[in-house]
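Note that chain A is present in both complexes that follow, paired respectively with chain B and with chain C.
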Partner chain A sequence: MNAKRINWWAIFWGALAILYFFLPMYGTLDFSLRMKRGEISLLAYEIVFADPRFWEGFRYSTLMALMTIVISVLVFVPTVYWMHLKVPQARPVVEIITILPFIIPPIVYVFGLIRTFSRPPLQMTLSPITTDLLIVTGYVVISMPYMFRAVDVGMRAIDVRSLTEAAQSLGSNWFQVLAHVIVPNLRIAILSGALICFATVMGELILASFLVRPALGPYMQLLGLTKAYEPAALAIISYALTWFSLGLIQLVSRSGTAQQLTGR
Partner chain B sequence: MTHLELIHIHKSFGSAVAVEDFNLAVAQGEFISFLGPSGCGKTTTLRMIAGFELPTSGKIAINGADLTYTPPNKRNVGMVFQSYALFPNMTVAQNVGYGLKIAGKTKAEIEARVAEMLALIQMEKFAARYPYQLSGGQQQRVALARALAIRPQVLLLDEPLSALDAKIRLELRQEIRRIQRQLGITTIYVTHDQEEALSLSDRIVVMSQGRIEQIGTPTAIYNEPATEFVAQFVGHINLLPVEVITPAEGVVRLGGQVIRAGRFGHLNGRPVRLAVRPEELNPGFVEGLNNLSGRVESVTYLGSIVRIRVEVEGHLLALDMFNERRLKIPAVGDALQVHFPVEACWLL
Partner chain C sequence: MNLAPSISPRKPGWHEHPLRNWLGLLPFFAFILFFLIIPSLNLFSGAFVNRSGDFTLGNMAVFRNPNVIKAYLTSLQVSFLTAAIGGLFGFFVAYAVTIGNAPRWMRSVIMTFSGLAANFGGVPLAFAFIATLGRTGFITAILKGICFPGAEGGTVCPFNPYDNGFSLYSLNGLVLAYTYFQFPLMVLTITPALEGLKKEWREASANLGASPWQYWRDVALPVLAPSILGATLLLFGNSFGAYATAQALTGGSIPLVTIFIGQQIRGDVLGNPNEGYALSLGMVVIMAVTIVAYSALQRQAARWMKS
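Now for the complex of A and B:
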């Protein structure tokens, strides 16, 4: 019988990585629980949850995230579908465009937005509604690499061309092909992209800050300037939101739906 | 009466010609196979009938109605794909009923038709299963039922058995023919497998490099190939370069040996090849038939037949014999005479 050799180096590097990641988190969590001198309490969290500005920021960011998700899905699903079906040779160009948000610093992007849309003919920063529209389009661009990749990977997992042609030969028009065949088979991919979008928008600071909107990011930054324990509590809440999103992705992609779609 | 008509169909992709002057008239209920090697244009032609490709020029008509530029979803043409293309998010019953749902049929109508189709493919018990829970053969059966459920004017099958293993392929081939005969549906079947085409079809269209080489019944395609390509592509054939002695009578010479061909055209001094199928050759000398002398080069067992290669005047001639127990197989290097009837050979 072959006894498996223990790879001590792998364990060492694994442990180091875990320490590197979780130690600051533990430190933040511990600090956030020590607002009351000499005892562990949830006081910092109570203060945060009792602050109306937190809820305003949370509601605003959630709304913006949902709008971002809806617009991203409406833009990227048909675009990626068309690219797969009709112009696969455009992939390299599209891929470069989608990674632009990683290349261009957000601050440059925000200045560009403000300079372009704060003057005629498209003066969008005059009212809160048009500014929100501007900020959502900004979020769509920022979350583009995640949504594009999620949808693209989903499309690669299914035989887009054959499914489309099968649906067409059965009488479906383009809308019916997308609605009945393509989108239902991209459920997991779209959900994954949506959850990453959600996590990105919930923690976004620069756009909301420079466009002066009551999002969660600027609130966290403001709190960080004036308080000690509450920002730590907020950081943990933010982590929890991100991990919740990632957990949901894992849960969905391991469910029966995933097996049904991939056949594995 | 002509049901499906393809008139002077031409298709180019940039400078590459995929299909050239394709003409075909298909009768109602006929089973036609497009047979040819990869890249010969058979799938492109099928896709033009389905509406997934537009011809560069020419006309496609079903029941006299010009459908050349009609979008695929308006053609009422059923299609079965090599990769099955079942919708993974739908059950078997939902897959089969999808076309009817799109056509706006009532729930009762859909249920009745789905039950009828599942009975036709003998898969009533699988209605609630998802495609991933089925084998390849079962998935292709469902794909067939789905294509037939909408009562299409024409059924198109694009190499539907290519992804299946040999045994399932044979079973499903018979199943497809049974269902096609039962429903009397006009069918176009694309394949590169000559056995499939020969066993299934009423007529075969043999294609090469975008052009039709020959259209005919399986018997005509096999026994009377019109071109050297067809002769070589369908079945095995011996092609021997010969010298014409008497053009009017089809008498030719292979080295020092004289042969008379049963079929020949105008032999205007062009290079001529004698074509004869391996199964038409028999060992031994028979007076009044074509006889050739040679030496056994190799003996190969192919299960039910034994293929003997005989070297005749510097050329190899294949001879197929049934692998009977009493068969006396010559040894490699033995001198061997072979004979074949005049009607069994022709000049190309």
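Now for the complex of A and C:
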């Protein structure tokens, strides 16, 4: 009836939500700047950035995140493509598998990984390199629900069959169809999946901590036990990282609603 | 658009065999088998053998251990509380941004930040709450600073939360911190359902003389019920499996099941590794029931919305 009347009830809940979002962020920022008594300074950040263990963790987590993204793309893009094109009846099975990481919490999952891969015949936890390989596969599994969904949604938006038939009639083989036709059309979906992978891996604690690798998560936890101001600075850095990658997703997915490059 | 119906009546060879197509999914299934199914089954099978590898149900005795019972009860309590609080709060927020006609800027801020905050957990979340509501946090400082002149020349500061039984490093604090990612998840999952409420229903009930309250009670809420219940279950599972925030916030002093499992992995706190596997299995059973019920309710809700 009167559409212009202000709904105070809605404003109240909206304002409360915004306060809940921003107060802890403000509190952290404020705290991180107060390391020097009585003045605002970036001292806590300087200390964090001067700590070689921070950079070690940052480098390690970034590397793990990049490897996770590469393996995820290599595993999920062909799988989702093939499922859409040839075996749509596999969808229920594949969907159930992709939500398994929600059912098996990371702490239980890492327990299973340790029990399975810390003894023969598949002993992987002895050397750092095989442990890293194990961690990366674990990250691929943990971020699978997001990556699968992103690629699946992207694949729905394009006409997989026509694109494939067109490419094949021009003489492409399967690899060429995937690399030169499907992947370019999925670039936004793949990018948003990759960014979620990145955000997940950069903040991950459980796998890295229980498999004892020098990632950012365990470093943060350790710092939290011994320091007061540096953890707040780290939380802000971590906020910035997460929000940068997730914010980028919203940006690219908004700008890319009409996805298919080639004519339909 | 099937331009090539099979004309030839010959029997399909291996080239056209339907199972052949499934082979394309083999790399995916192999990956999952090796790195998800086998580790999980390996863990759960450990719950049913004794130390020398013979079958036993004896490990289930772990569920009579008072510490384990306490851990399960605490986890259930935290999950229930955060699902209820986050669910209710998230529902009202989702209402505000959909039907409630909140200002446009508010809507876009809330939707954007819900997507971000629902994914924000772990150690940094704990740090953020310590800086805000910890002993020296800035809200604590503000509340502490509200003082009145008291009797006999002293001052009374009645609002210091730490004098009123609150502590961030307790169960209440954990619930507050979890709510930070719980209510945005509710906003994200319930918004499509609220957008699916048809205007005609509201108008029809208004024409028939129903008050807004009657409309909500007799029309909107029954239609939304499966979505709300499903979303709340999702929140429940989300909190039940969480580990990092609790570990960083309380240093493991709140006995959640996840914390307990973590301690079991680091050192054999139960004295029997197989009991640790039974403990994990119990957790996965609860998660499975929750998530399966959630997806069943989601399907139900989708069917209602279509009709």
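Observations on the structure shown:
The working rule: the second predicted complex is superposed on the first by the 249 of 264 C-alpha atoms of A that agree within 3 Å, B and C clash if a C-alpha of one lies under 4 Å from a C-alpha of the other, contacts with A are read in each partner's own complex, and residues count from 1 in each chain.
Convention: a contact is a pair of C-beta atoms (placed from the backbone, for glycine too) under 8 Å apart; a residue touches a chain by one contact, two chains touch by 3 or more.
Note that the coordinates shown come from a computational prediction; the quantities given were computed from them, not determined experimentally.
Using the contact criterion defined above for the overlaid structures, shared-chain residue A:Thr79 touches chain C, although it does not reach chain B. Contacts of A:Gly247 after superposition on the shared chain: chain C is touched, whereas chain B is not. Using the contact criterion defined above for the overlaid structures, shared-chain residue A:Gln221 touches chain C, although it does not reach chain B. Using the contact criterion defined above for the overlaid structures, shared-chain residue A:Gly138 touches chain C, although it does not reach chain B. Touch criterion met: A:Leu163 reaches chain B, while chain C stays clear of it. Once the two complexes are laid over each other on the shared chain, residue contacts for A:Ile40 go to neither chain B nor chain C. For chain A, the partner touching the most residues, choosing from chain B and chain C, is C.
Contacts of A:Pro184 after superposition on the shared chain: chain B is touched, whereas chain C is not. When the two complexes are laid over each other on chain A, chain A has no residue in contact with both chain B and chain C.
Looking at the complex, you find that chain C touches chain A at residues 21-22, 24-25, 27-28, 31-32, 34-36, 38-40, 42-43, 46, 89, 92-93, 95-97, 100-103, 106-107, 109-110, 112-113, 115-117, 119-133, 136-139, 179-180, 183, 187, 237, 240-244, 247-248, 251, 258, 261-262, 264-266, 276-277, 280, 283-284, 287-288, 291, 295.
Here chain A touches chain C in the complex through residues 3, 7, 9-18, 20-21, 23-28, 30-32, 75-76, 78-79, 82-83, 86-87, 90, 94, 97, 99-117, 137-138, 140-141, 196, 199-200, 203-206, 210, 217, 220-221, 224-225, 228, 231-232, 234-235, 238-239, 242-243, 246-247, 250, going by the rule given at the top. Across the complex, chain A is touched by residues 50-52, 71-79, 81, 83, 85-89, 98-99, 102-103, 130-132, 143, 146-147, 150, 156 of chain B.
If you check the complex, the residues on chain A that touch chain B are 158-159, 162-163, 165-173, 176, 180-181, 184-185, 187, 259-264.
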